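Structures follow.
In what follows, chain A forms one complex with chain B and a second complex with chain C.
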Partner chain A sequence: MSIAVQTAPAPSTGPYTSGDEHVRTELSKIDRSMRGAAIFFLISSIFWLMAGTILALIAAIKAHSPDFLGAYEFLTFGRVRSAHLNAMVFGWSNNAIFAVALWIMARLCRNEVRHNGMLYIAGSIWNIAATIGIVGILAGHGTSIEWLEMPKYVTPLLALSYALIGAWGIMAFRFRKGEHVYVSQWFFLAALFWFPWLYTVAQIMIVFIPARGTVQAITNWWFAHNVLGLWFTPMALGAAYYLIPKVLGKPIHSYYLSVLAFWSLALFYNWAGVHHLIGGPIPVWLISAGIVASVMMVIPVVVTAINHHMTVVGSFGAVWRSPTLRFVVFGAMSYTLTSLIGSAMALRSVNEVTHFTHFTVGHAHHGVYAFFTMIMFGAIYFMMPRLLQREWPSATLIHLHFWFCAVGIGIMVVGLHVGGWIQGMMMNDPDIAFIDTVRATVPWLQSRSVSGLFLTLGHIAFAINVFWMLLPANRKVEGPTLLERRKEAEA
Partner chain B sequence: MNNLPLLFLGIFFTLAFSWTGLILTSQIQFGKLVQTTEVLDEEGNPIEGDPLYPEQIVGLAQQGKQVYLDLGCIYCHSQQVRRPGFGADTERGWGERQSVPRDYILQDRVVLGTMRTGPDLMTIGDRNPSDDWHHQHFYNPQITSPGSTMPPYAFLYRVQEVGVEPHPRAVQIPEAFHPGEGLEVIPTRRADALVAYMKSLRMGYSLPEAPIIEQ
Partner chain C sequence: MEGFGYILTIFLVGAFLFTSAVIALYWASKNGQFKDFEENAKTIFDAEEPEGLEGDSFPDNKKKD
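For the complex of A and B:
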């Protein structure tokens, strides 16, 4: 266990502090050097979150009531749905990653960051490009390539901006101080390399110099699945590996399990994407390879679950009290569940039912929202007080945020999984008319719209809290904002 | 883990491995397929003089593909037929055989799709070659498919006052969905292109690797 102790980030004695005066001074210097850039990305991400939420609501309502805003071409379902996806992926998620992961990276590298001007420039280009891209989709310039809908005229801008940001992250790592490289740093570093590779290959082979026939589809799903697996997942897991021990003030349970989780994820995840093409017009051996990799994903998932669980065990009270950990542990548990469901969905017999249905849509939200987004929320709850040296203004708003989002995503995941399964079973029975499969999904799609209302309210509570906190007048420093008082404090 | 060269090599080779295995190998295995005839001669070559498949879609249909892409039809409609016994694609009449890589080689952008909120469209041109049906369906899907959740594409049509004589290309709209007395519904060029594209989606031919077996 001695190694495990070394590998942990400096243990903290309270949610605010590190035990070591020197470490504390060092961290607050790093936080100060990172403040402007991280807040810039954070504010951008929240604007995108709200925009993406509105687009999502429009798309969700249209899915069961097609006449809703039906006269507007730019809001037709196929466009507004893609605009939603891209606003969430390129707008909300990537800005949140840039804020959270670069900040944690800087902290773990224990060196004040330099050249922040580069981040402002790159971040501005990124957000301008994303805006042009999404307006382009609504205007009918979309590519209809899943997860790569933005028109090709924004690709160079996004690539340039990412190159600057990624290079900045790698430079921060290069000029780190301190001997040890912590598990979160491997995840961040790997993801910073993987994302541009995936993006470049996919853009070239599908959009700029298209490969022939269904090689495009394989490239598409290699990209789209790996954006989740090799970009969002390592970023969220890296944040969880940092935040759980940090808030609880104890080291991660096992160093060796985190090594195993990292390498098994790196090895298996990137073969799994072909499971989106089961039964499709590609060689069967490719599909089999994708299924094997999808099932092998059980290893990193279970290993991560054990490692996180064993770290948290005995501290559930602290998890429930801490806004950060309540979100992060919700996300980590969702990671386990959604990944195991994902592995099951790759089996041919299950896929025969779930493929082409809303089940997959439910699964995507289970991963990107219940896992990734919830961990990012948790990380933001941890980051903001340290960057701004002030506390969250309202515990009530955090409560509302958590419960609206937790209940909302719960309704959506259950509704789409059940509705999708029914849809798939009916579709595989040729005696049932196709139009009846459509009619059968309507109540489940309505439940998704209800879940969307919950999520919208949660996001509004979150946004109010963030902007309220940013107001200079808010100088509350009476100690951390917790979701429940400690019992001992009351006594 | 402080062995950084190992970390970098691992990061590089894990992704290089899947890229090679999935994409490069596919490109080598079937990235250079060409058109061929329905059956091959004894030496395994295409028979000279026989028509080559798949056929290239041209003209208006090609423009219709662009409309299909810009409206995002792919998010509810797939274009792939699975083999008999896996799902009910053939039983539903969506194709007499499964679709194979060669069926897609002439498409600049392959739109297999991953959703069947609506039915598969790989063979919609074989199943429903009627211009009137498609125009009514696009103008308002409830006319032809009551209960459908497909959005109306009325913005692809021009509603105008009837002149001295009714427009020869006016779409027949039933009373309940009609925009009003003295008005008529005329397809725009994009609507015509989209319908031409729908009619071009056909798979009534055999391929050597995927023959249509007469029942």
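For the complex of A and C:
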């Protein structure tokens, strides 16, 4: 407080802290143009994150204690698990992407977001559609197609609202200022085209004009895996390629490698999804092509890992000091690990064990949570102070958020990988009765429920911090520490 | 033969994607996007958030200073 009193006569000249609007320049204007829409998407995403977490806990507990809430038909495992997945994918993840990617895109395009009223309208339609879809799943109207469980009556709404939101991202790119297209812009722009393409093709070929037989299964896994690889992955990597150098204040170690990572992902990933059908009744050449593509993914993964590591090396103090980097670096490290495990799982000999086990479930959470979600958390920690021009209210809550989530997802990934591997080995042994295999998985499934509790606590800490930050009373907090300018001014 | 139509659809859609990726790559190359990596890596910095500025820290670091 004493510092505030001393420095009060000299108003801050920093673009983020200045009360004088003329002082704020280009970047602040861009941030301001995106503020309302980004916060709208962020609040939506947090509601979905909490809803998805509760559904996840119910599903996780049911997996080892089937009697839990057993008297309610809308809470049967099949419905709750699907509702959890859709709440996380279409609710939490997509809203977080809309907030973070559109904001970074606007910053990199160096142009304000115009007519952002449309983003509110489209975002409202998206969230209403997602709500109807998830209630529909719980009501028993689900399609039973993985990752496309929402009843088909919400598809047109989701497609329409996505088209509008995606168009705004593409328009930002179209009216960009500046010559160079930064690698994050490549990632975001490509993903904005990839997602609608995946979604419409899958909906048409599986739900609206269903293909026959195994073509449905091929399309299903092509879609589901590409949502990870061509939607979540590029969005999270684009954010990481922006945030890591940005927070450290030094350019990426090798920009050449980052561009290579983008183009190799763009060219290989599309084929990889078929590895979900190894051993299935589809043409063997197709599976082999999927395996080759999965293994080829080692290239962008290793390239990205080297690049991120070399950028951060020597600056680990900064990673420790920065909430953003803590989450983003955790996510980037998880990306390397989960991708390499994924490539290994695509090998027939490994897949023989891991197929149909909890190993796959652990792997999915490793990717979507430890990699994607952690990077989104980090991006939100970077974005909010800049949009609101005020500091995060509680450092303790950020610490709690990080440690609960890091430990929680760690327990889940280890538990399900180990438990899944044991399960796979037992299932492959014809002398072991199936029920013994089921019994052997129970302790590992219990570990997942424990991890769920950790994640829930982390999410609560995060939600409290965000809503606390949004409180009008909090506007009085001055001199954000997020910029070193403050320290300079004090010195 | 009915299934063949779908395989063809998938193939055409895949081919379309691949072609668009190649066109984008060609455009990027022609447009000079792959020149001067050193300089272009710095496009994320500007006057407000310049290079060399550590952009984020825990709000309680103030007390530790």
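As a working rule, the second predicted complex is superposed on the first by the 450 of 491 C-alpha atoms of A that agree within 3 Å, B and C clash if a C-alpha of one lies under 4 Å from a C-alpha of the other, contacts with A are read in each partner's own complex, and residues count from 1 in each chain.
Here, a contact is a pair of C-beta atoms (placed from the backbone, for glycine too) under 8 Å apart; a residue touches a chain by one contact, two chains touch by 3 or more.
Note that the structure is predicted; figures quoted are calculated from it, not measured.
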Worksheet item: Once chain A from each complex is brought into register, does chain C clash with chain B or fit beside it?
Response: clash
Discussion item. Contacts for A:Ile282 in the overlay, against chain B (first) and chain C (second): which applies, first, second, both or neither?
Written reply: first
Item to complete: Scan A:Phe382 for contacts with chain B and chain C and give back first, second, both or neither.
Response: second
Fill in: First (chain B), second (chain C), both or neither touched by A:Met205
both
Item to complete: Scan A:Ala318 for contacts with chain B and chain C and give back first, second, both or neither.
Response: second
Item to complete: Using the superposition on chain A described above, determine whether A:Ala395 touches chain B (first), chain C (second), both, or neither.
Response: second
Discussion item. By the touch definition at the top of the document, which applies to A:Trp197: first (chain B), second (chain C), both, or neither?
Written reply: both
Worksheet item: Thinking of the overlay built on chain A, is A:Gly142 touched by chain B (first), by chain C (second), by both, or by neither?
Response: first
Discussion item. Under the stated touch criterion, which partner chain does A:Pro245 make contact with: chain B (first), chain C (second), both, or neither?
Written reply: second
Response to the item:
Between chain B and chain C, the one with more contact residues on chain A is chain B
Response to the item:
chain A residues where the chain B and chain C footprints coincide 179-181, 190, 193, 197, 201, 205, 211-213, 215, 218-219, 222, 259, 263, 266-267, 270
Item to complete: Show which residues of chain A lie in contact with chain C when the two form their complex.
Response: 15-16, 25-28, 108, 178-182, 184, 190, 193, 197, 201, 205, 211-213, 215, 218-219, 222, 242, 245-252, 254-256, 258-259, 263, 266-267, 270, 318, 321-325, 381-382, 391-396, 398-399, 481-485, 487
Practice prompt. Could you please specify the touching residues of chain B with respect to chain A in the complex?
Written response: 1-2, 4, 7, 10-12, 14-15, 17-19, 21-23, 26-27, 29-33, 68-76, 78, 80, 82-83, 86-88, 91-92, 98-105, 107-112, 114-119, 141, 145-155
Discussion item. Looking at the complex, which residues from chain A come into contact with chain B?
Written reply: 62-64, 66-67, 70-73, 76-79, 81-82, 140-146, 149, 179-181, 183, 186, 189-190, 193-194, 197-198, 201, 205-206, 210-219, 222, 226, 230, 259, 263, 266-267, 270-271, 273-274, 276-277, 279-283, 286, 289-290, 348, 352, 355-358, 360-361, 427-430, 434-435, 438-439, 441-442, 445
Worksheet item: Residues of chain C touching chain A in their complex?
Response: 2-3, 6-7, 9-10, 13-14, 17-18, 20-21, 24-25, 28, 32-34, 37-38, 40-62, 65
